[in-house]
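Both complexes shown next keep subunit A, but they swap its partner, so subunit B is in the first and subunit C is in the second.
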Partner chain A sequence: MGSVLPAGGAAIPIMYPDKLPDARNAKMPSHPQPVRIDGIKLSDALVLVDFKGRSASTEPFSCFFRRLRQNRINLSFITTRSFGGRFHIACCTASEDESRLRALLTPGTDFQGSASVTTDVGLVSLFPHQSDFQLPGICLSALAAASIPVYGFATSLSAFIVVTDYRRLDAAVAAIKTHVDLPRGYAPMKPEFRIKQTVPGKGGS
Partner chain B sequence: MADEKLILVVDDDPDLVESLSMKLESENYRVVKAYDGIEAWERIKEETPDLVLLDVMMPRKNGYDVCDEIKNDPQYKNITVLLLTAVADAVPDTSYTHMDGKTTLADDFIPKPIDLDRLMEIVKEQFE
Partner chain C sequence: MAGTGLGVEVETIAFFWEPIIRIYGFQTATALSLVVFDIDPSRMAALGRSFCAAGVAKGQFRGVFAQSGDGNRLQVYLLLDRKQVETAILQIETELGSTESVSISIVEPVDLIYFQGPHFGDRYGIADAVFNALGTHSVLVSGFSGSVIYLVVPGGSVQAAEQSLGEIFTVPGRKKKINRPDGQDQRYH
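Up next, the complex of A and B:
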């Protein structure tokens, strides 16, 4: 486990797939009261790019974000951590941006490393977390008990976000919904549009 | 007085809703939240806010449609509606505007990314 500082959010520990405990024998602990949340938001199918490397620079993330901006790539999720000259960036982007993102992670003079890609991942965002650490515990326990993989998670200002299999988003929601208190008749928000960056004067919005 | 006013914040980005709410509450406004157009309309009927900060691009029902419903309903037409939009450059006017060929009766608009200080000024102006 390491610590993660999601953009604009609180720091919480994060577990990476190679270090996750065996979920096969996981049992959902009993919680006295469901945690009250206002909603659940789901993402489109995304790719998760894990980039682990070494940087001569003390600011590998600035370099990464500069490249993102130059290439007009939107991220749906990102966590970063650095320790002892090494760094780890885990980020999700639209499937169609995968190759551009990988190209952008090509080792250069500023950082070196290797990227691994997991396709067909999706995000489940629960909000608001109200800085209640019961929510991550309940959510992760529920997913483990349902044998649903977790590739990463993070908090933002308002949301607790889990990266899981896109094809199992509905199962993930079903597992979580039994342990949280949502408004009556609530249905998770699904994406109906996607925002892209375009070069001014070349069309698009 | 600011502390008597109730503001409904509507956006499908929970982080934006939270940050706007925190800022408004720090200025002594009361805040209710909604995360899509359908939910926004429910909150309007339940709470009758004085002002709505309304995102344009939202799932289920977009901000234009919610704005139309508010402004065409005799019971709610006096609620001030401020649109939050990332395509503000396309808005040529404020009180009765056309955007992408769509007419909106919103009282004003606030461009994204939002300048919180400017937002507070615009909100304050609506109550003066």
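Up next, the complex of A and C:
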């Protein structure tokens, strides 16, 4: 494996678009056994913002996240991509922050990209994934079978998190539960209280 | 607001302040591979099957991420040890390539930094702090969920990125000198 060293910088990763093994003789795997997990967690109602554009610099990222911080908008879930001259930030914030967020994304602001907002989304988190592809696989297969949309997903240290329709969170859980092995009598965790960061001296909420 | 069961909502207010953002569980991994491809959302079941098959074949991942892509497609990123790449690609090609061609790219080498901090998912400004600290360092892919942050950077850049993060975050094992308002130095670990 080679890499190109630019002057004064780290190695630039090499992209191999044609490196594909011959899969013609691969056999179909049998249906996996239910995967043992410890729990499922659901979020409150959120909005999903997709902010995309073309840039060779990190400035769009800096600008976007700086403006959200200045306006004290918390992001509970973020994925980013930035290479090949294109960037994409997908992030979720509480539904109550939607109007303030939209105000930041209106044309005429200094954001160098285009933004779209999807309302009424929620997060389904399953844990632990144990770095095993089977848990994401079972989850995505179950959601697809139930025609539940997937707007994005990510893994953390132990959880596999899917962004989907908030109003279909219970249906998502029902679809997934038939394919995982949960502790007896387990009920998915839903938020019972919210932690919110405020400015000292200005009280709660 | 927590319910007391007595028809009265209770709000708890706690004050938490730190001069520098504390983090823990700081980990890195080097010489990894980032497998990138996109799918039509109608192929989600096939994607699920490919992941299941990869798992059955003992395939493991460092991270899995996806965002909406161009033309309503879903862009998928798999962060893998190099020895896992062939297993993953084989199953992706088997399931997703059966009815349409799948364009798969591999970005390598890449490095991984991941860490977590108290209530990162509940505090505004954490992502701003991360990208502000990293400045012009390239972050190919990142994921912020709950209290955990994953940063995928070009291979060979993890040490420089860690040093930059150490300017704003307390990185375990690294000492940072803070100038106190009273003029005396204060050291954090």
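Heads up, the rule we're going with is that the second predicted complex is superposed on the first by the 158 of 205 C-alpha atoms of A that agree within 3 Å, B and C clash if a C-alpha of one lies under 4 Å from a C-alpha of the other, contacts with A are read in each partner's own complex, and residues count from 1 in each chain.
One rule holds for everything that comes next: a residue touches a chain if its C-beta (ideal position, glycine included) is under 8 Å from a C-beta of that chain, and two chains touch if they have at least 3 such contacts.
Because the structure is predicted, anything quoted here is derived from the model rather than measured.
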item	value
Partner chain(s) touched by A:38 [first = subunit B, second = subunit C, both, neither]	first
Which of subunit B and subunit C A:143 touches, first, second, both or neither	second
Partner chain(s) touched by A:157 [first = subunit B, second = subunit C, both, neither]	both
Subunit B or subunit C, by number of subunit A residues touched	C
Touching partner for A:76 - first (subunit B), second (subunit C), both, neither	second
Partner chain(s) touched by A:128 [first = subunit B, second = subunit C, both, neither]	first
Touching both subunit B and subunit C, residues of subunit A	125, 156-157, 159, 192-193, 195, 205
Residue numbers on subunit A that touch subunit B, as the complex places them	8, 38-39, 41, 125, 127-128, 156-159, 189-193, 195, 205
Residue numbers on subunit A that touch subunit C, as the complex places them	1, 3, 10-17, 19-21, 23, 26, 28-30, 32, 50, 57-58, 61-62, 65-66, 68-69, 72-83, 88, 90-91, 125, 131-145, 149-157, 159-161, 192-197, 200, 203-205
Contact set on subunit C toward subunit A in their complex	1-3, 11-13, 15, 17, 25, 34, 41, 44-45, 47-57, 59-69, 74-75, 77, 82, 86, 88-91, 93-94, 97, 103-110, 114, 116, 119, 121-125, 127-129, 131-132, 134-146, 148, 150, 153-157, 160
Parts of subunit B lying in touch with subunit A, wherever the complex brings them together	12, 14-15, 17-19, 33, 35-36, 57, 59-60, 86-87
